[in-house]
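Following this line, the structures themselves.
You will see chain A twice below: alongside chain B first, and alongside chain C after that.
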Partner chain A sequence: MTAERRVANWLGLGLFALLGVAAVAPLFLIIGDVYIKGIDAINRLGGLWHFLTELPPSPFDEKGGIGPMLVGTLYMTALGALLGVAVGFPLGVYIGEMRREKFTNVARAGVNVLVEFPTITIGLFMYAIMSLAKEDLNEWVMKPLSHVLKAAFGDWVSWFIGPLDGYNAYAGAAALAIIMIPYVALVTASAYASIEQPLREAAYDIGGREFNALFVVLRKAVSRAVITATLLGTAKIAGETAPLLFTAFGNFYYAPFTGPTGAVTLWVWYAAQTPYDVQIASAYGAAAVLLTIILIIFITARIKR
Partner chain B sequence: MLGLVLVVLFIPYLIAAYGLLFVKLRWGLRLFGVFIVVTIGLLVAMFLVEAYPILARDGVAVFLRTDWDPVRESYGVLQALVGTVLTSAVAIALAMPMAVGVAVTINEILPARWRGLFGSLVDLTATMPTVIYGLWGLFVLGPLLQGLVNALAGGVVMASPYTLFTAGVLLAIMISPYAAAVIREGYALVPKPVEEAIYAVGATKFEAVLIKLRYIRNYILGGFFLALGRAMGETVAVAMVVGGNFARLTTNLFESGITISSLIALQFPNAAAYQYMVPALFAAALLLALFGLVINAVAIYIIQRWQV
Partner chain C sequence: MTKVEVKDLRVSFGASPVITGVNLSIPNRSITALMGPSGSGKSTILRVLNRLVELYPEAKVSGEVYLDGQDVFKMDPLELRRRVQMIFQIPNPIPNLSIFENVALGLKLNRLVKSRRELFERVKSALEKAQLWDEVKERLNAPAGKLSGGQQQRLCVARALAFEPEVLLADEPTANLDPENTAKVEALFLELKKDITIVLVTHYPPQAARISDYVAFLYKGQIVEWGPTRDIFTKPKHELTEKYVTGRLY
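Moving on, here comes the complex of A and B:
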């Protein structure tokens, strides 16, 4: 090997390594920036517990928190993830297992397109659906339903079920679910598609019915991939902002989920663009809390693997 | 009434689909497949319906004009379209080398023990909330780039820290893991005999890498289009650093501009006060959705043609 080729080899590989590191380096800068400024901000705004439960600071407050936003984020993320898995998993089984059907290709193309769709268009879609459905829905379903439930269980029901506003937590959760469904479906599909044929035949043999074979026996073979996908999908939707802009809208107070609902991401988006130091500080605190949630979910998913 | 039917039907639909899973499995599964196709169809139909007033008034002119003047009820989204193209171009130009670098670093350079960790870090870069990227871009990256560009140019080229260029650089960081994921997938599929043949003729590792990259060029192209789709659709982070100049067309990267998605995010909250602004924004969203459909279809076609 000539000297030039050896030098070219090292230079070339070094360049690739440099580019690879350049792709990951900002991650550390961002995490460092968020935690350094965020922890300082949380301490300044009244300590961790105060920060996690109190109302957000107005421009003239010294202290404040992200209580309502945290509740909203947890509620919408939980609902969205639940619906996302409930629809995404069977959908994934369909496109992964029934590959001989013509329609599977259509469904697979649909999932592939939806997973890469701009998230803001999904938010706008839910907004359009809500504005179309709101009045009739309240008139015929939500009002009678909330009357019955209130009479049966007491007034606290109206925090969850009642006449809906144009902006509400359920529209937000639905938008998050639409983002999560294709993600779970794709991972489930590739997990089912990668099952070896002998194992599949054995499963059909001992399963008896196709349902048992697919959902009871083969489930064990794919559960790890599906659980990881669920966790990563949950982390992803917990950090989504764009689909919530016009569905949950954001709220600074503890309020019923049938009306505008706050989310941590929405607060970061709003507060970071205000000119007030105290709100910018709370944005950093909120970002640190959000990042902690995401990191916990992400690391759990990685360790389980 | 139609909306009520849509929302209310969804619950029995889901129950029926689950019920059918137990009774007639294949039909139950098909119902889930129908759901996803109907969702996409509804999405496009909904945007067409909502955008109809402005399309009926202005026709395609709404996509060709560059003014955004709510007071005169005159809306054009060409400046946003140009902004989207410019930021995506900057982002892709920076992100693709990084994505290839990630794939090569993981597969060739790092020792086996470190590959999983490095891969996890890349995945985490993709999972990070976009609003946190926006926060970082707003307070760290923007001022940093402004200082850097002005120092390199020796004058005030970049008057504001929030420009199309800032948005492009931030986007590059955000989308490179998506392209990297596709390229890594392809890299792992280079057949062992091919690799052995490359080394058998006496190639150095670097030369082998170049040959393998040429071998998986379809995956690189697929990753390119997927990352492009991401870059065009990204909203919150871009809206925070792009500068929000929606009234005037600019092709100067170092001026503040607007993209389609950030136009929607920034203008929608006060759109209800104007008669035609909501339709105009839905027309912009329709454009974005169509871009998304076409770009992703191309990406999927390229990747799948290679696989089968």
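Moving on, here comes the complex of A and C:
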């Protein structure tokens, strides 16, 4: 190599390294900022356990936590992820395997659009649905159901099942599920589409029925991709704010999931813009907790792979 | 005794015909080889026998196939594939599953066993019949992907045998194996034919000569000639057959 080319090589490599640093710098700055301020805030507001379980601080409190919001986030994320996989996985199998069905292309196109959809429109949609369907839903489903369940299991059921308010955890979970469905479906579809023909034939050969071949034998073959997608999708919806604005609405107290429900993201959004230091601090603490949840899920997904 | 009877079978993929009128009867407890050049329709015939051809929506099948006198197109595919199992050109154990699970999965899915004990016995006996047990008994929970190519193929044989099938379809089972493993699989087939009927697809005439009892020579979707192996190889009636078995037609 001539000296000239060597210099050009160094310059080029240096430039790319610089670009690489520029790309990941925000990530580390965000993580650093959130954890430095967040951990400090959690300590000032009463320690980790206190912070994770107590009610949020009013402007004139010295201590407080994010208990109700954390519970709301965990509940809605779990429900949303469950529903997202329950619908997204079969949908993905359909799109990936039934490539000759007429409706497949429509479904595939729809899922591709939905995965990039502005999440606030999904929240708005669920808000409209709840407004329109609430009365009938309560009259015909929720009230009778809660009567039966309360009689069978006791009054604590009303924390979960009962007449719904316009804002409730289930609307939030449904909005999160709508975000998760196309994501899981797309990954599942591409995993199934990449299965080689000999393996597919083996699956039908030993599975007998098509259902067994597709949902048991081949699922085992692609399970890693689907589990990873599920975990990443869960991390994604755990951090969503927009779709919860009109659906869960937010709540500062422990309250039944049938009414307005808090979420960590909503608390960050609310508390960070108040003029009170204690609430701003709790927003940082909440952000650190949220980031921890998401990083744990994310790292689990990476290791699983 | 005829185990499988094929009458006027025609298969086309889209507009192109692949099988154009095949009649064949496969004797019980024997090895019948289907041999012929690439594209002659050998593998397609196999896939009709256990209806895996239905995986290809563009395939149009007409004609009749009988298993012990029963019309296979009217059978429950579950029942059919339990009785007619298949092994493939490329060893295809299910990835991410252990050696044991690969053999056990089909039995579990089709509810063929009643207890864990019975499941283990069936898996063990299948692995023994496939002459793989001694090599894997210490590591039944290891992933199947860790086995060598020849072992994987014998695992697939075990997976098929676990169903206790009546017919075993083998689609060029040794095409991806080295000579040593090929010899093992061939010896295995000779052992297996005491109990089951084997239909072997091969594009390698010496293999058909070595292990088969009957040979059908296919060319361009039709059977040119079929009969006992010795007759086909020593006194072929048709010019094409002679050219093929002497290696002048591929």
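Note that in this section the second predicted complex is superposed on the first by the 287 of 305 C-alpha atoms of A that agree within 3 Å, B and C clash if a C-alpha of one lies under 4 Å from a C-alpha of the other, contacts with A are read in each partner's own complex, and residues count from 1 in each chain.
By our rule, a residue touches a chain if its C-beta (ideal position, glycine included) is under 8 Å from a C-beta of that chain, and two chains touch if they have at least 3 such contacts.
All of these numbers come straight from a predicted model, not from anything done at the bench.
Participant: Name the contact category of A:103: first (chain B only), second (chain C only), both, or neither.
Facilitator: Touch status of A:103: first partner only.
Participant: Once chain A of both complexes is superposed, is A:221 in touch with chain B (first), chain C (second), both, or neither?
Facilitator: It touches chain C, and chain B stays clear.
Participant: By residue count, which of the two partners contacts chain A more extensively, chain B or chain C?
Facilitator: Chain A has more residues touched by B than by the other partner.
Participant: Kindly classify A:53 by the partners it touches after superposition: chain B alone (first), chain C alone (second), both, or neither?
Facilitator: Neither partner.
Participant: Scan A:206 for contacts with chain B and chain C and give back first, second, both or neither.
Facilitator: The second partner, chain C, only.
Participant: Which residues would you name on chain A as touching chain B in one complex and chain C in the other?
Facilitator: 209
Participant: Quick one: which bits of chain B touch chain A in the complex? Just the residue numbers, please.
Facilitator: 1-4, 6-8, 14, 17-18, 21-22, 25-26, 28-30, 32-37, 39-40, 42-43, 46-47, 49-50, 97-106, 108-109, 118, 120-125, 127-136, 138-140, 173, 176-177, 180, 202, 204-207, 209-210, 226, 229-230, 232-236, 240, 261, 264-265, 268, 281-282, 285, 288-289, 292-293, 296-297, 299-300
Participant: Which of the residues in chain C end up touching chain A in this complex?
Facilitator: Against chain A, the touching part of chain C is residues 47, 50, 52, 55, 57-58, 77-78, 81-82, 85-86, 88-90, 92-97, 105-106, 109-110, 156, 159-160, 163.
Participant: In the complex, go through chain A and note every residue touching chain C.
Facilitator: Residues 100, 196, 198-209, 212, 216-217, 220-221, 223-224.
Participant: Which of the residues in chain A come into contact with chain B in the complex?
Facilitator: Interface residues on chain A, with respect to chain B: 1, 5-6, 8-13, 15-24, 26-27, 29-30, 33-34, 86-87, 90-91, 93-95, 97-98, 101, 103-104, 106-107, 109-114, 116-122, 124-125, 128-134, 136-137, 140-141, 178, 181-182, 185, 209-211, 214-215, 232, 235-236, 238-242, 245-246, 265, 268-269, 272-273, 280, 283-284, 287, 290-291, 294-295, 298, 302.
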